[in-house]
């Protein structure tokens, strides 16, 4: 037993010594030195040829997220000159922290982080900064004491989505000749206090302020889910018999709302009683639009990959980048050629 | 009484609900002797030992230690150990995953810390002094069974024991191991320890013991010096000569007439299994009742288990009506028309929670196959028929079998096999632990079945039963077939002398 | 060395044999990873990161090993950890409590689970699995009753403690900016190491520890040998509960947040670590050092799997289950082989 | 044994007679729950006929909810009862294997495209494939238990952890959505029939198992193996096979549950589908008065037990208990159940009753 304990100790020491040796060689500023093991040589070469990117993704909880992952993965390919290390954090900050530390240890060139929550990132971001690794945030934002801890953020401008929706409604009503009519609106809100909910609600509200004839009958939390959306919509229909517009802050709730409206014997869409505005513009929603059930859908673009890649290329050349980079987003309504849009839709 | 007695038990009574296990048993153990406690199953040996070691509390009687100055009450195994009474059981009651030294000292040294060095030193010293071939630091499971047994003894000895009880310590040891164990026992005897030795092996008794106490049916038969009791007499004392109303049931049934040229129903050549029996040959004719006899542990059950495929058969041939058949699992045997009533009713026979009806139809249902269950009505009819036929006393066919008495449980198992209409029925101790009336019923039934052409192998610890029912006896000793008796040889004397072997 | 190796193999105890297998497997795996995957494994900090991330698991696995050595099992540890994280987080963040009291809360919760489960298993002789399954569900349910949303703790004293780093001298490395970065471990690692050493000593050099082995080896025999089997089992579950308390707090200290989904699957990882570390499911065989290496092996293999490009989330679960299956088979094969050898 | 039995019967003859009818246990629990709801809020029993979005008549109300959502549990209880009876242990991987079965089903229905316009295979084919896969996983559990002699709960712990990951793996972690109406018939309503389809499926399963128990020896074999393995071996049974068979049957039940679960939402969520259902299924078996240590079983009681659990769940939901918090309440029920049925407790209780009787007599 005693021998064993000693043996373990010796082995552990050897392991640590060996590993620190490995790094010392690395540090000796002779990247292709003769002392290097073959494998290490390859690695160094690999490092030279490719830009090594580590991605810590939240998980794969929604279609949007999966599409986002897909976009990132298809951007950072070896053909495009990247070497990608991807880690799925399964909805846990704990895992993301661990992944980040592994990336720092591996000395990747860039870290792309889709943070699951807004807080608790100070320490690890500082470690990355100390290690000289730029961190690019995607989709969600973080709350940190020092904004210089990360290099850039790429994501959707939820506020502008809301504004876009407002403007679209404005135009649409004008075209319909209802510009002066009294318009009664209800909103199915997303999970309260989520970035998307806040942005979309505020954005739409900012347009509303300009129109005295628009009334917001009610705003209720639909939790971004279909079932909850349906429940809330049923309630709305019972309370307010004369709804003109439904603003639904994501597609899932929209589906619920459509069910509720149809169950109540009303119709919706361009030819229906109720105007429906939706956000996200997922494939299923566009199909529903093609069937004439949705008036307009405002895109929340998951194709973040190319934008992130652009930022990295700029950084590689030593250029400055903008801190907040909004992704280009559009909207869809039945006036467009929906079929061809649906065809190429990735999510 | 003797001055050098370390232990005296006087007039011990113990009964369990419905059974008188011990009635007025006396037992004396002297300093420095090896004392064999003999008797067939159910004689009361183990009850006596459990009373002595505090597992059971006696109903009546006195136990004295060190002469008769000191009467003691033994209420728990711990108390018994404190008084210097240490049992070593047949199944090793040590922990196989611990080291030898730990097994010797665990649970009986003071303090919260484990002093390995001291313990190993002490253990090595003790092992050496007892000449046990084991190292203190060895893991127990790496020792042979004999050594493990010895270590258990060493542990017992080290607790300053005066009375060492060895309950069938040799049943799983080979000859050399037994020899080692005996050497240790003799050493201990020389040190003045009184040893109670329970065994079924006669040779061993005569090799190592000084004195024998024989018990039968919960009563003391007598205490003898080893030199005063020849083997044959010992066997006859153990088996007793019970005379009851069955003296001549043979005549009631005509034995089956064997036709010319008829091959044996079953024939076995060189069969042996992983249960430790030596290869044996055996055959049985149509309508014949034969039996395996021998003391408990002689391998008689293992033989029939091998025939039935209940143990893992390692080699040998089985032929039915002259044609070879393959029997590797019980279901094979059943398909060939063999039925087997196992020795341990509770463990291998009854399915306790199931009703009498389900227990009766079980084997036949397995034979009929998965997709052909009896309907409720059929099952009821069959159950009622057999309950009536065998006179099973049960409240209804729905009663769980475990709430029946032993004899009635046995009849249910018997009914189970009769329902399969076997050509060959093996009954292993069908009469054990059941009342005399039922015993007679079962014996009569066996003869009736045989007269109808069924072949039956009947195993019993009771000689009389065997003599009454069997026309041929295969005698076993030490897991070997040592003789076969028929016709006029079928009498107590010859059986006993064959069982005893050695001196006649 | 080679001379008499066979006999040496025969004389080595089951516990030490399985321990050796574990350690050898771990070192082979780690060195293999260093050689072929390089990068992440080539700095000492890689090992320390594994320790940092798994300090809590080490502690939980220690408790699990003890229970398993006595022949029981406790699958509630993950749930208890989540409950502790949530309670402490709520207490620190919403009630503005002190760190010391939160440690106490953690220990009390662990103790509570240990007491109740130990009593039910040891004295009422209910299957440990059912008891701890109920314990697991109870703890998980309670966690969401305490608070449903995940949140980070902002309590300053706590965050300071969480960010405290213990520098390991001489193990640092120079990063690509040319700065020397110290190697460090978190406080939880120190706690875990202390517990490993402490429990190793308890199992090796105290009567209590040896009783655990005896009860697990053969509880009937242990009773005959004069050991209070019920009390021993009770203490084992109690210890496991307390260790779940400590482990729960260390986990909380590492993640710094409360969430109902915290430590999901931790019970499985703890069981897997124990088994990989050479603890037998059947009881009586096992070693805390082995458990320690079991945890390291498990997370190393997970790192290897993700470094090797199997980046999808499901691989983690499948890897753990596969490792568990593999080691169960190794155990049964090795043990069967030994038994065969002994009988002859 | 015998005397013990009679003593018990004597000690509480009335109670004994009541309890002896095993079906009484879950029925009494059900009654208790109904009574509670009747007193607190009789609207629990209200059943309404309404029309759903497709304009079909549907029944709604808490009782319908119980019948509807209890279906999965009732089906699983069937398999779980058999596994419990044969092995004396429980399968805790049913939730995870349900995820696998559902995933396979969707994979076959959707092919390589996660959003197919039309089904890539008939539902029946997909269901059969799911059945085969679920049965294979059941057999895997069974082999670990029967051949390698690992305790059932530990053996199934492997799939309990890996199952949901495997399910995600089968579909490449995509969340396929089936737009075909027919699939929803299995999880919701068939047009024109106001009673939810899962209830019919559950009834069909009950009828099937009823017929199987009537026309095969499954009950006898399983019970014999569960009560006395030695004896059943000597009676020609193959305990290994019977145990694996019980796990395979459970696998079949799991596949059916997977179909219902997937049909309910036309898609799958790997980490949530059939979550914590293993606990409920075990609870159903226990509530049915079946010994968790195996042996005799009463299928009817188990199934009623399942509906009791669902009734409890629905009642708790009605009182605004969050679904995440439910396990805590159920865990308490489990603990109370196992304590009451623990042999040690029973012995003590009987001794206590006997003492009291002696006192009364004196």
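We just call them A, B, C and D in the order they show up, numbering each chain from 1.
The rule we apply is simple: a contact is a pair of C-beta atoms (placed from the backbone, for glycine too) under 8 Å apart; a residue touches a chain by one contact, two chains touch by 3 or more.
Predicted model only: the values in this text are computed from it and were never measured.
S.K.: Chains shared as neighbours by subunit C and subunit D?
M.R.: A, B
S.K.: Measuring centre to centre, with centres taken as mean CA positions, what chain is farthest from subunit D?
M.R.: Comparing chain centres, B lies farthest from subunit D.
S.K.: Have a look at A-D versus B-C and report the one with more C-beta pairs in contact.
M.R.: B-C
S.K.: So what's the Cα centroid distance for subunit B and subunit C, whole Å?
M.R.: Measuring from centre to centre gives 47 Å for this pair.
S.K.: What is the distance in Å between the mean C-alpha positions of subunit A and subunit D?
M.R.: Measuring from centre to centre gives 40 Å for this pair.
S.K.: How far is the middle of subunit A from the middle of subunit C, if each middle is the mean of its Cα atoms, in Å?
M.R.: Whole-Å distance between the two chain centres: 36.
S.K.: In whole angstrom, what separates the CA-based centres of subunit B and subunit D?
M.R.: A distance of 45 Å separates the two centres.
S.K.: Pull out every residue in subunit B that's touching 2 or more other chains.
M.R.: Not one residue in subunit B touches at least two other chains.
S.K.: Multi-chain contacts only, two chains or more: what residues does subunit D have there?
M.R.: If we look for residues of subunit D contacting two or more partner chains, we find 168, 173.
S.K.: Can you tell me which residues of subunit A touch two or more of the remaining chains?
M.R.: In subunit A, residues 60 touch at least two other chains, as defined above.
S.K.: Write out all the pairs of touching chains, ordered by chain label.
M.R.: A-C, A-D, B-C, B-D, C-D
S.K.: Can you tell me which positions in subunit C touch subunit A when the two form their complex?
M.R.: 16, 19-20, 23, 27, 30-31, 34-36, 38-47, 49, 52-53, 150-152, 154, 163, 170-171, 173-177, 179, 181, 204, 254-257, 259, 261-262, 289, 303, 306-307, 311-313, 316
S.K.: Hey, which residues of subunit C end up touching subunit D in the complex?
M.R.: 73, 75, 120, 123-127, 129-131, 133-142, 144-145, 148, 260, 265, 268, 271, 281, 312-318, 320-322, 324-325, 328, 332
S.K.: Residues of subunit B touching subunit C in their complex?
M.R.: It is residues 77-78, 81, 89, 92-99, 102-103, 106-109, 111-114, 116, 135, 137-139, 141-142, 144 of subunit B that touch subunit C.
S.K.: In the complex, go through subunit D and note every residue touching subunit A.
M.R.: 51-53, 115, 168, 173-175, 177
S.K.: Could you pull out which subunit D residues touch subunit C in their complex?
M.R.: Per the stated touch rule, the residues are 89, 92, 148, 150-151, 153-154, 157-162, 164-166, 168-169, 173, 276, 279, 282, 292-293, 322, 324-332, 334-335, 338-339, 342-345.
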